[in-house]
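Both of the next two complexes hold subunit A, though its partner changes from subunit B to subunit C.
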Partner chain A sequence: METIRLDLENYRNLLKEYLVTKDETALYRAEQFSKLSMQHNVSPEEIVHVHIEALKELYPDLPEAVDDSLNFLLEAMISYGLAYQEFTTLRQKQSELKSEISVAARMQETLLSTVKPDIRGLEIGAISVAANQMSGDYYHFVADKDDDTLGIAIADVIGKGIPAALAMSMIKYSMDSFPESQRNPSAILENLNRVVERNVDPSMFITMFYGLYNPNNETFSYASAGHEPGFYYHSRKNEFEEIEARGLVLGATEQAKYKQYERKIKKDDCIILLTDGVTECRLGDRFIERDEILEVIQTYIDLPAQEAVEQVYKHFERLQDFHFRDDFTLIIIRKNV
Partner chain B sequence: MESKSCVHIRQEWDIVGARQLGRERAKEIGFGTVDQARIATAISELARNIYLYAGTGKICFTIIDDLEHKGLQIIAKDDGPGIRDISQVMEDGYSTSGGLGAGLPGVKRLMDYFDVISEVNKGTEIRTAKWVR
Partner chain C sequence: MNINLNVELVEQGTTLHLVLSGEIDAYTAPKLKEELLPLTKRAGASIIVDLENVNYMDSTGLGVFISALKSTKEHGSELKLVQLQDRVRRLFEITSLDSIISIDSTVRGGN
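Moving on, here comes the complex of A and B:
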């Protein structure tokens, strides 16, 4: 089939062909003509105009009423043409915005990137997936070469998208600027609280959990700023226990204090940290129960830690029809010595 | 040759009067049916803006036919509240028409030349023109 050209002569020929044959082929070509017209930003009133001209050439004695009525149709098409042009501009603008956001998202990725460190006797699995292009979740590992300790930060900005991502970048910067000697979970949260209180709009809340593992005495110390409670997994009993830690969300008051907790970690036990993107997975209209989440984690807990978090993620991804409503972050740390 | 004629906008009915006069002028100078329809639509938008936001005003037509240009100039003038943020009004998708592609960006699309001068609490003057191709 020859290619369709976008001109009056071609339209006239197509129209003539159709009027004679009443054939589907001509109609198919009309469809192609209309697509080509859209590609070249030809507005509907111009098509009507071409139609009128072609018709007049084919039927020089066209009744006046028909001619007039087609001109009436042409008038009626003007607004459709305008709306279509506006739509085209808006679509272009949208793709510009999209690419701008993806640049920002890549920048955020670089900024918030963290390396899973090798810590004696620990196995770490971590996954964090943004619901939109930019994430309001954040996790970070800080390994200290001198004393072998591991700092773990996990945080969640209530809300998502760009404002959440901007706030999260600020948290990351602040943490980087704290002196290395300062590794105490409660002190870190207290300092961050001041930063957030001074710099972030009061309507935005940030929750955070900070833990520090010391392999020398096998102790995990931690503090929480209103963060979704994590779990301690007792491998021998195959049971989960909620990690209790109380504390206000970051930025709520200037002088918030964060209580520091401590616990020994036994061999093969796990620490499971997460954000509410995990616990607030939805099944139809209802939120999933915490017990259901534990059942899923339990299914995969014997896998290597990284594989386990990925499998849990995949499970919930399928459960939610491959569309998360909130950023999803899950960390599993297993002590294997 | 230059001749000027105006239509006062006081009620919705006057929008039709403005369209009619504009179309006649457009026909006179040799615009085809498609451009006539576009000019009439642009006049509608301008006149409706006066009627809705300023209450009263006028639309004037000038036929331009000199060495450089041949076409129709339309000036819409009112002493209404003025436009506070012209950039916003000229933005696609902002228009009060609710995504119908109309409003001032629509007028700009329909015509070849477009300019707005507006002062808050003093009024608005929109100058626009289309050239015969």
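Moving on, here comes the complex of A and C:
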């Protein structure tokens, strides 16, 4: 309280000086006074109070209306002070939460990180960009050194943010724990479906496409759990074909079965996998159609696979008025022998 | 951008018509869930969700219908979706949810 009283003395002198001289240095010192008050957590209404006291000392015979209006101002400032205090507390809490989320996001990045493997005869490009801090998209490569096969998983958890990210981590660890003998796509999806059905909220589900490429017979086997269909690119005809694979999303019912499909991959052809963050893109009030996405992919398809996926992403990012509602993941795998 | 969803309930005995209009996404899905889930808990109720005026739905909306379906099985009620626009219908087809949720086959236009 000692400092406040000293400040009252100080403030009164400043006010007096200013009223008499209209000197700007008094204004400057008032500014310093405000800063100091803030550092000492002096609330705005206290300053108004000090002002009123000082004014009354200087002019003991203030008109009643002025006196009343000053009290009115004081009351208003008390409410303001309370609201402002609350606002400051919230802002502080918000910044604490933000930093916690960014710690979680970095942890997710580490947990879900995957390495693009070197597989004989394949060129792989992959990009995944989160709409918010934490991603609900996921892709993963599993290279088997014994038989040279490559497993590819691409998945999308519905819902966004932290719950989606947590569900993704669960999926990844379940997949890691499946025995080697169950690496065919339909078995993997059936097992994952049971894990998801038992462990996540009823309104949550996951779509996933799982493919297994075997370079020994150049065959790609795959199954889909309700995932956005990918494309097969015929390089000789410069044409795209939708990869058809029916299957229920993971987590909807316990007994889901997944049909496994197979196809040979020819030299220079590509497998293109994506999430619905790519196909649910919007341009202002309009949706971007799958055909338009193919046109963009076609433009860059002759580039090295990694460059191609990055250029496609940049294309959409550049569009004016474009905004990502969802996480965006795109994978291009080219067979180059 | 319109990010609203209007929900209107018309009751005819045990038949409950839920007429939706607007968009179903992460922002409006909680509202749909709040309206739809209690209806599925009425044993013997037949819930018909009219999606004629829903021009956008994302996967969050699918999640609401999955949990509603699970709830109908638990409580002995029925759920049917009618008048889907093409874009919305496609979502149910891709995810194969049309194999477990009853969806009427009338094809609608829509943008």
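The criterion applied here is as follows: the second predicted complex is superposed on the first by the 273 of 337 C-alpha atoms of A that agree within 3 Å, B and C clash if a C-alpha of one lies under 4 Å from a C-alpha of the other, contacts with A are read in each partner's own complex, and residues count from 1 in each chain.
Note that contacts are C-beta pairs under 8 Å (C-beta built on N, C-alpha and C of every residue); 3 or more make two chains touch, one makes a residue touch a chain.
Just so it is clear, the structure is predicted and the values come from calculations on it, not from any experiment.
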Clash-or-fit label for the pair subunit B, subunit C on subunit A: fit
Contacts of A:90 with subunit B and subunit C, given as first, second, both or neither: first
Touched partner set for A:253, first subunit B, second subunit C, both or neither: second
Per-residue touch tally on subunit A - higher for subunit B or for subunit C: C
Touched partner set for A:313, first subunit B, second subunit C, both or neither: neither
Which superposed partner A:204 touches (first subunit B, second subunit C, both, neither): second
First, second, both or neither for A:82, with subunit B first and subunit C second: first
Touching partner for A:11 - first (subunit B), second (subunit C), both, neither: neither
Partner chain(s) touched by A:232 [first = subunit B, second = subunit C, both, neither]: neither
First, second, both or neither for A:71, with subunit B first and subunit C second: first
Minimal inter-chain CA distance - subunit C and subunit B, angstrom: 20
Complex interface listing, subunit C residues touching subunit A: 1, 25-26, 33, 56, 58-60, 62-64, 66-67, 69-71, 87, 94-97, 99-100
Of subunit A, residues touching subunit B in the complex: 45-46, 49, 52, 71, 74-75, 78-79, 81-87, 89-90, 93
Footprint of subunit A on subunit B - complex, ascending: 32-34, 37-38, 40-41, 92-93, 99-102, 105-106, 109-110
Complex contacts: residues of subunit A adjacent to subunit C: 156, 158-160, 201-205, 207, 226-229, 246-249, 251-253, 276, 280, 285, 287, 325-326
